[in-house]
Amino acid sequence: MIKRMGILTSGGDAPGMNAAIRAAVLTAAAHNIDVIGFRHGFNGLLEDDQQTLLPQHVQHIIQHGGTVLKSARCKALHTDAGARQAAEALHRLQLDALLIIGGDGSFRGALAIAQHYRGQIIGVPGTIDNDVDGTDFTIGFATAIDTALDAIDKIRDTADAFERIFLVELMGRHSGYIALSAGIAAGAEQIICPEFGTLQANELKALIKPIQHAQLLRGKSSYIIVVAENSYPGGTTALAEALSTALGIECRACILGHIQRGGSPVGADRILATKLAAYAVEQLVNGAHLMMAGEVNQQAALYPLAQTGERKKQIDPYLVRWQQQIASD
Amino acid sequence: MIKRMGILTSGGDAPGMNAAIRAAVLTAAAHNIDVIGFRHGFNGLLEDDQQTLLPQHVQHIIQHGGTVLKSARCKALHTDAGARQAAEALHRLQLDALLIIGGDGSFRGALAIAQHYRGQIIGVPGTIDNDVDGTDFTIGFATAIDTALDAIDKIRDTADAFERIFLVELMGRHSGYIALSAGIAAGAEQIICPEFGTLQANELKALIKPIQHAQLLRGKSSYIIVVAENSYPGGTTALAEALSTALGIECRACILGHIQRGGSPVGADRILATKLAAYAVEQLVNGAHLMMAGEVNQQAALYPLAQTGERKKQIDPYLVRWQQQIASD
Amino acid sequence: MIKRMGILTSGGDAPGMNAAIRAAVLTAAAHNIDVIGFRHGFNGLLEDDQQTLLPQHVQHIIQHGGTVLKSARCKALHTDAGARQAAEALHRLQLDALLIIGGDGSFRGALAIAQHYRGQIIGVPGTIDNDVDGTDFTIGFATAIDTALDAIDKIRDTADAFERIFLVELMGRHSGYIALSAGIAAGAEQIICPEFGTLQANELKALIKPIQHAQLLRGKSSYIIVVAENSYPGGTTALAEALSTALGIECRACILGHIQRGGSPVGADRILATKLAAYAVEQLVNGAHLMMAGEVNQQAALYPLAQTGERKKQIDPYLVRWQQQIASD
Amino acid sequence: MIKRMGILTSGGDAPGMNAAIRAAVLTAAAHNIDVIGFRHGFNGLLEDDQQTLLPQHVQHIIQHGGTVLKSARCKALHTDAGARQAAEALHRLQLDALLIIGGDGSFRGALAIAQHYRGQIIGVPGTIDNDVDGTDFTIGFATAIDTALDAIDKIRDTADAFERIFLVELMGRHSGYIALSAGIAAGAEQIICPEFGTLQANELKALIKPIQHAQLLRGKSSYIIVVAENSYPGGTTALAEALSTALGIECRACILGHIQRGGSPVGADRILATKLAAYAVEQLVNGAHLMMAGEVNQQAALYPLAQTGERKKQIDPYLVRWQQQIASD
């Protein structure tokens, strides 16, 4: 039986983490479970930086970006000593369970602690990158898309006014989820994704041909290429320069950067966060351990924490094909 | 083989209709299909109000709310004579297919035309209400949620400042999708949905008890009740007055109204619209007839147009249960 | 010399009140002045509901709507006994000065307290209505305009799609500032303001003629009339019905209501709030008493608190004339 | 008497340019003046790229960013031959006047044309930089502030979650208007403006001291430095690296770039654009020539076009002083 549980947010912050914290605390209260919130991710465990979380502490945080518990990456957990120390902290605080809101790196930290911890551990997928297996979407992804989209819409305005070519770099180190989704939604003329491999300097032709084709077809016009980060050696600014040279037309790069992490979460993220965190607490009560609470086909479901990083999840092949067909048309 | 097709938007407009028009036109162009757009829904058929749609006509409309083809309801289609006349217009314009973007009322109009029309007919679900079977989400629903949410967040600010009770009425004549989703996302203290039946004047106790409980628990505080339209005889303003009297505290009503239909579509709606309209055109090429292009479990899929109004689709039972448990706690 | 000062927000809340609280606290700290914040406006004085405000308490509140100090109207102040009691509370807490953020009703409360208070009193104009003399703009007005505008833009989308007539009611009980500004900014076809007197039921002709003229000129089209609240006996819904009858076309009413009070303040309001609250504290140090810190011609300036309700300030006559000329054209 | 006039948008596009085009066309129509719109700034004159603009062409463009007339810079105007050719185009089209919406570079182009043109020339200040004399604000500035602010608020979320130092680079090549306004509004801990001269590599101490002071005072915390472009040799990324090295803490740079030019204009910009463009047309009718229509102290007023680049206008000294006092406190 769970009487006391810990909760923390870890890794890159994502809009909706506060909604998840809120739902976890409210659901725990409904099950008469006390909640301790650790600050700065796993560091809060190691440094005894924590606070009791009551329902009144999570009132009206659902609409705020960031995380009231702060987040951090935690190198200490990479050693067995660190994991052992974290487990001891959990024991010392008499916590029967730990709920981690974060991405798959954070879940690996949780697995390390589990080696030494007698309580239950459950994860909730919170990251803008959507690169976690076992859930259709991660908390924060929908907001990041809309933030990126809002920026690209603005760039479209100025690109249109000047009939210019812009390259817009979006986050997503290892996955094209954000780039593909925001690119499709923005009506981007091209999308460059890590799923298609790193672009080489001698492969610019594939980018250039559709640009020239479009200019032939519709005259001068704005042209937007959405680029996932790390798609070109030297970065998107270097790619813009290479394209400028190759085309003889100025191409400009915009690196959206960290604005994609912040902002008030959109409805989809608040609902997902609420559902998954509530479900996670309920499943802890039901005995779940070393699982992640994900949503698959609109249904909350458990998935082994150890398999969340397998990367079997794929960006939508239908949209990939459609975009390539239209762009190359 | 499809050489020419018609397209129209019908019924209440929904954000993302333009994205659907764009994707249909681009996809048709890739299949060498000419597109005729009818204006004002089915009225454009009856009044020969139409235009050729080329890719350049749909450039940069993806981000705009409303519909460039205009929309309307069309009473003339309710008679067989009207349906016959519409079919004749399609024949006269030598259209091999007709694509309708709208809700289930519009699809009934399409079925009426099909009685007299030799070509293919396909539907794409565009309505903010999400009350169409055969698709997890309709185009416009996600945006309507975020529009409602944005308004409730603002009302929360002022409700908090004054520690007041607000009733916020959202659209959704026959379904609680918008109310439930926006209510959960806004952290609303209570949600009143048509799925629970019309509230009777003598049933206010069920609403009042949790309000008094909350005030006991956390002192005076803001309190927001999200109400789907048509939930109370006399409307939400009457409900606010009845609650004010019963509680002895002023309760204010906000009727969000038509702002919920407009606005730039969010990413999710633009992507859904793009996917479904592109898929619809492809399926027309594949011979689909009297079907709707929906998305189920992230996969585009056909669904019989005649069954889209069966209302087997249900608001998320998990969230319903959670909300009731937390609100009544 | 001022060692300790009180601060409160009073009357209808306005976006930017938190920015004003923050600037006042930071500026006071720079002058080594302790700050006590009263909650729920003047009620905090009467009910001893207060807290010390240190710079860390106002970190990162600048972007939030509402007011962390809560607001309220306070009937007790309307009696001399109440004013006396408030003054005594200020004396008991050894406060050398009181800063009130609110509208002209709140300033009248301040003047009542001043009859019995030995310290200094200063006001900062915080209200969305912009109906305070001695300042070009009040804190919250710019945000309210943009909130209203955002809603009207959305209504325009759906009005355009259906080529419908909409009446949008905005706040502003005694002044047309919000209606005129939002109406001009939205490109509203007509604007109805209290400055032109209450519209009578037999005066509808003046509204109808330009509508019919516009329909003649440009065919059916969306048509938006912005209406300041209290412009028509029975309200805007009654006006919409009267117009529907007179025109034989359905006219719809949208009452924006309390969403106009909330929301994250726009840049202009945060800057104005920062400037005026900082200036107010500095002027307290300089000995100011019974004054309001306003901004005139981009310059911070003091204005007698007793004259802020004279209503000499006028809505922009140039825009009024232009709108009427264009609308009637 | 003016029977026909030309209009164009030139230089960097700014939100509100469409509102200005609309107001000019509507006002011209009210004065029975025909309007020709040139595309791509002055290039439209030289390349005969123009169209008649009727009231129906400018319906519902008030809310859109960019410019429907497109914009461009025009090198050809730098030669006397180019200016002569432009004037001839105006004569050939029998235009009695030309209205230019742009910044002070565009006005210099207008002055060059005036050497050879027999008609009247008037300017309307449209640029996000607010660096034009003769007007308190330029069209587009208010929107750029809010776009920048929205981004900084988002960065604050993630900076807070990680308690990180961020440098946010804003536009404003020669002026600190955007940086100061957005910085104040965002509650930025520091603001670096061109008005204070270019920062030298050996002057980092002045930046570092307040950071260390703040960390001492309030512990680790988010810290945001707003930087106007061109403030540091090598750019803001180089500055972030230099600070990282000096502080031993990672400092991250975000370059907002072109998103600051786009977006739906806020109310203030739409109103200003409407007022100035309407006023400009009226003043052309009154005989104005070689003037700019600006707004000073809320009053529309003419200002000699030849003096708009004198840069006598200063960023708000009160806010500069306040920011420096608080930041260094």
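Every chain is named by a letter (A, B, C and D) in the order it is written, and numbering of its residues begins at 1.
Here, a contact is a pair of C-beta atoms (placed from the backbone, for glycine too) under 8 Å apart; a residue touches a chain by one contact, two chains touch by 3 or more.
The shown structure was predicted, so the numbers you read here are calculated from the model rather than taken from an experiment.
Path length between subunit A and subunit C in the chain contact graph, taken as the least number of steps between touching chains: 2.
Ranking every chain by how far its Cα centroid lies from the centroid of subunit C, the top place goes to A. We define each chain's centre as the mean of its Cα atoms; on that basis subunit B and subunit D are separated by 39 Å. Distance between subunit A and subunit D, defined via averaged C-alpha coordinates, is recorded as 35 Å.
Per-chain CA centroids place subunit A at a distance of 28 Å from subunit B.
Taken residue by residue, subunit D touches two or more other chains at 153, 156, 160, whereas all remaining positions touch fewer.
In terms of inter-chain touching, the protein chains here make up one closed cycle, each touching precisely two others. Residues of subunit B that touch subunit A in their complex: 19, 22, 26-27, 29-30, 55-56, 59-60, 62-63, 136, 142, 145-146, 149, 153, 156, 160, 181-182, 184-187, 217-218, 221-222, 264, 266-268, 270-271, 274-275, 278-279, 297-298, 300, 316, 318-319, 322, 325-326, 329. Of all residues in subunit B, only 9, 12-13, 15, 17, 40, 64-67, 70-72, 147, 151, 153-163, 166, 252, 254-263 touch subunit C in the complex they form.
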